[in-house]
């Protein structure tokens, strides 16, 4: 199989240690993440050939982000260097009734100010089979919306499978803008994932439909091969349950539900996307696909940072029923 | 509204990191706290004009305590400098069936050895509307009992509202001494808070009365404007439930109950007192007062250290029903 | 009462901090532990006269292990110095559905390559009343199996009480080898503890018997004074329940069951063994013995590292019903 | 004496721990500093009444900067809240032949995008005697240049003493722009400090004059009360020598020279400015002024972070000859 | 050879990390030390049989101090438990021109309030050959002065060699009180060490005599076997030079001088005392004694904490000329 | 230019933090390094295409070593997975007169037990121009000596340039064995570097020749293109001076000498080798080659860990004379 290409923004994340609040922090833990970068790292840890493209300034902090990607085996040859800054966000962990808190400082980052001509899609997609991106990328700037559209069109033209994580971020654009942009991009997609609310926005109609109805509409409207919806109930900052449904145009596949004690709330959806892509590209059965994607993302919640560091073996062990947390000697 | 004045002892708290026991500790995290200091910090974070008075030695460690108060906006102009030492306590976090463990070393601290003439109440209360203290302050020494009495009398004479957190500490005095001293101080108070057991000791009669009966007796005996009782069930070192009742002399107001996963067991009652004072001085309705006080103290349990660092917005969000811990972007 | 002697392998344990995975670790916390060393430390903390014997190289890292034992009061005079290396293991904490993960690097450690003549049992057992070891020690090497047999024979000859923690480790030997070796050693034992599965392997027959049946067979086959079986259900990496049964040849004694939130999964069984030995040698009643052993090991789970640092008072407090985690001032 | 007012930009500084390079950092130490903020903190630690004004966004990270100022006693009432972001810089400590390395990310910070109408100088200077700023403030944006000019004019009109730290930053503007802007501002100044090179740029003529000639020209051209030049030789990242000369229009005063082992290279000049202002406003003799300023800034180099945390006593002790580093019991 | 007995106060030392000042500290590193405890630990690390006696409260923090002593092999059987508190001191590291700073909080510690009857010298000295103490112990309280006198008399009576580190602490008593008390104690001593100034105070006459004259007077006045004077020049907080002279009543022995880069300024004299005792009790020649004592204490300066953790081999290597710091593989 | 291939052993290095000694360590910093791995990382940071080959077990700790190499851009495709363990060493930093201390635990590592057939040199050298190894690799085992010989022969046959860092390790073999093995390997080398002592052992004759004589003999005996000798004087654990001489068969080139304050003593020679290879393969002049190699390795000493993280720009800046450590903004 060929390379999986991902496109997005990777940011420096700064988090106070443990349960400290921002005003108590004398140190910040540094992580590097972003929706598609997290997908790329997880796929690389699974052993897939995966590349990540973005634009990053030519300074030592951006180099740290690249090094973090390389560390896990992501191919970074298509990262464009230039621009002024790497985007940042500050993330305070939540606990019990206190929610996690994010302060974004990503405006005018190198990728947000990138130009269409920065990316040579022919070259980037050379040898690739799959292209993945999220709804955050087109939201970064008008130019980024065009870059994303360039990418999906080029991917489609070259015969790649295209997947989208709908990922609606209210602080980047409003529902109408999201809805409009995503609808256009979905024309070129084969696989989509998101929450019920995001899927409804993408479809642009319906309000309060149930999961299966939404999945059906989504697949039919955009002639997708697969659509999946993640179902999450959050009880406190550290307690969620988590499952998902896959629809392949003819049948619905429901995954096991996990009651999760959360270590880090960031990156669950990205872990799901990576596991989903892995399972599809590894020719798992449809039921296995949704179980692997759900189990893989469940494990992410037990790890610090944005990325899922689970191996394929670890996920299969959980998916096959061993969620007992027995010490692995 | 005028300034809120608080009086008490602030100590250096030394805690091993994470779940480490004392005998495993190579480092201690340093916090600075004490019942009334915690109230003052929380009120300052809420945006209130609040001052804290105590006596602290003229050395660099005591300066750290003052700096910590100033950091959050507490007015420290009325802190008297002198004496030999700042009180200390060592605090080992508990977990599961293992309780938190405290070793006090507060004897002969500067405030415990302070003299009545150290405090000029006329000057301290100038421009003030409210005075708050706890049952710990009069327990520090005979002279501290007199200082506290001086303070409540002066406050009353100047027309301030006076609030007391009953706070009975068995390792400082016995029940009879507590009961006698507190009864005298309550003559000058308008607002009181504590547990059922503390309230019964303060009333000096009754044994095993229910919450409402105790509240009624307390308000009637001391002609209080408000009395509140905190109801807490502790299941393990990290699991408590928490609610409270307010009585205004005519009606009982019950707050929502929270199931809390505890990060740090110190300072819940102080957070309650601060939230209560905030809500009363901000003209909340009686139901809102008890909900705000309960939600505010609930959030404290999710934070390291002695003090509640919640903002008013965060508490109102929880009080209005969003305890789901959804990431706040 | 005389000294308690223990024999085994103590290793350097290297653990990433908090919930970090191995690939995220820039630091490792260093602990020193091993089944019998953990028993020795716990007994020393209880105030017992206890010695630990093993073989350790004459280098600074092995010295750290000895220092850790001495720190808690274990007598280390019988530790033989020599050989090339101290055994290591890497331990990644688990959380939620993600299990703890161990990577062993203990091959060719000084004790694994020790010779029978390294140990002078006459001298080691001089002044001793009790000898404790686990099923790990004979598994380290063929020579270690002989050393262990030498020890139990010498202990028996000198009239010591001998206790064994069955402790079957699949990565050291297979079930048949374990079964054969343990059966021979059990001839010389008075007290045995383990899981149902381990006890069945030790008996060498039965498959799926219930706890009491297994205990009965074990005591009868090897004419033990006491046998205990630990009953544990593991729900996730951080949630277990934990209880135990004692059989004295005539009656079964069941302990209270604890629902435990786990800080560190290593050393629960060792804490049980130490508490059991303490209770027996302190002339507790049979019911008190099993309650103390169970409560003592329950508390271990709330502590970082391999060893139980609970005092006798703390365990008795829990055993007498105060598992509420109330702050101990 | 009245309040000292300062104006500038305070940034979040993120530094890897110890000698780590950026690419090795998993944590960043967080400091909050900026030339004038550093001056304000140092003056507050000296016990002076000092306020700091700037513009900062209304988020939790900017609140940390304010808290840090308050912690040391700086009055923050004149800080305007608004805008998008707090400026950042990353700082890697140097050592031996490896220089410290700074990566700035301060563009479009709240102060850089502030408007003249954000600042009410009449109110800010009410009760003030002194105004201090540096050459960095007018460099932040064209509007900031105007804000600075507004400030010095208002200060002059109200009869305040005005001091400037020339502080030329090549990455913010070029020498010609600096020279032009500073010359205009110097019309309203009474006290100036800087390096020989900065002073020559400010004067706008001369090239390679010696220190005293430059000082004389500077004082005469702008009719200053005092001008001082810092003379620093840097040998490696951790070895500098440091002295200064003061000229009062009639006489030159030379300070003792210190051979310094550097802990942190940031903030030496700011510590000098603060000590200079302290000494002048405390009516020290001219020789004492330059000795105090030099000794105070010498001590800064031994501290982590941007700010000088020396007390007046500590500086006087050094200035009076005790640089032996004898333990202060 | 028999046991070496030491008597004194061990305190908890709390130090900010690295070069942080007290006001910057969010954590304190915890060390346990005191002049004689430091001597005891160093002798234990050298392999000597050494015990330490003091009085410590029966709480978990005092237990940490005992554990630290046991860790290095010090016999703690003669430590009396009781009293209220363990003494504390806070220690801020110095650097360059900034001196280390100590804040003591040792008043009313268990040993300062100990009674003569707490110590059974007959039992403590049973099996002992040597008794060591410092001039700090009699300064702790009047009763401690008596306890020290009891000890030296009992030691003398039992034929032990008695050594004193003069150790004058200005914050505990004045020169006259020190002089008087020490003179009495010196009657019972065989070996004394200190600075020129301390020796002159002990002699009670002379002012500005040179080192050899002082040594001669000291030995003659108190009929000592050995007296040594440490000669230290301090240049900055991190640069000292260090040598010593030994006088045996007939001849002076000068040690090599070391230029030291200081990691931690505490405990140099104690390391000297321990090395001196080791060398004397190991029958080194007089020249070797003073070289070993000087080299041993030189190495202490390169270590964190109060105690010298050098082995005999390491000191001999340095003493024999290899101070090149070549990596020891 | 083609790829640079390196071969050797990469180990996990465990170092106590800061100046802590082993017996004080509760944490170890984890680094991954080895002579040739350090060369590979430095070359990758310089931007060269470089691969590293070795054998590592298929476990999570070995994966960390691979990730560390990938992080900096080293190609790890030729690392063979298998065997039992990754080698370890413990490294305690030195300071002042106290030397750094190493405890090795590298016996029976995967590479030490590797077989000749594990490596397919044809494939490994495909597309390569240069092969580098050190005298440590053949010392790991008899089979490793053969593997190294296979490699140099294959490299030579394929026309690669071959470089050797002589690197004699006394704890792996004796001088005679080293001398014999290295002489055989040098037949196939083009570039050699080392100390005078190592070069003399390699030549197998001469004793006490001066640097130039040794260089001349070395080049002539083995018909090398370049030989360099590093000249280091060590004064204390933290103070060295450092320079080098290059001989090209006709002329000697002397580099500038640096007085270095050492942060970490490991990896200086490896940094030299990497800088040397970089300079040669970048067609620097001979004088530039030796200056670049010396300046590059000088900078290494200012960094934590085994590897040089300097960029080409940083080295050229130092080499061109700016060693003043001026802050790089």
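As written, the chains take the letters A, B, C, D, E and F, and residue 1 is the first residue of each chain.
Keep this in mind: a contact is a pair of C-beta atoms (placed from the backbone, for glycine too) under 8 Å apart; a residue touches a chain by one contact, two chains touch by 3 or more.
From a predicted model like this one, the values you see are computed outputs, not experimental measurements.
Counting the residue numbers that touch the partner chain, chain A and chain B have less than half of them in common. Using mean Cα coordinates as chain centres, the one most removed from chain E is A. Centre-to-centre, using mean CA coordinates, chain B is 45 Å away from chain E.
Averaged C-alpha coordinates give centres for chain C and chain D that are 62 Å from one another. Computed centre separation for the pair chain B/chain D is 41 angstrom, with centres defined by C-alpha atoms.
In chain A, 18, 21, 23, 26, 67, 72, 101 are the positions where the chain touches two or more neighbouring chains simultaneously. Across the interface of their complex, chain F is touched by residues 67-68, 70-73 of chain A.
Interface of chain E with chain F (complex): residues 18, 72, 258, 260-263, 295, 298-299, 301-305, 309-310, 314, 318, 323-329. Residue ranges on chain B touching chain C, taken from their complex, read 18-21, 23-24, 94-102, 104, 169-171, 234-239, 265-266. Of all residues in chain A, those touching chain D in their complex are 14, 17, 21-23, 25-30, 59-61, 63-64, 67, 84-85, 88, 90, 92, 101, 103, 105, 107-108.
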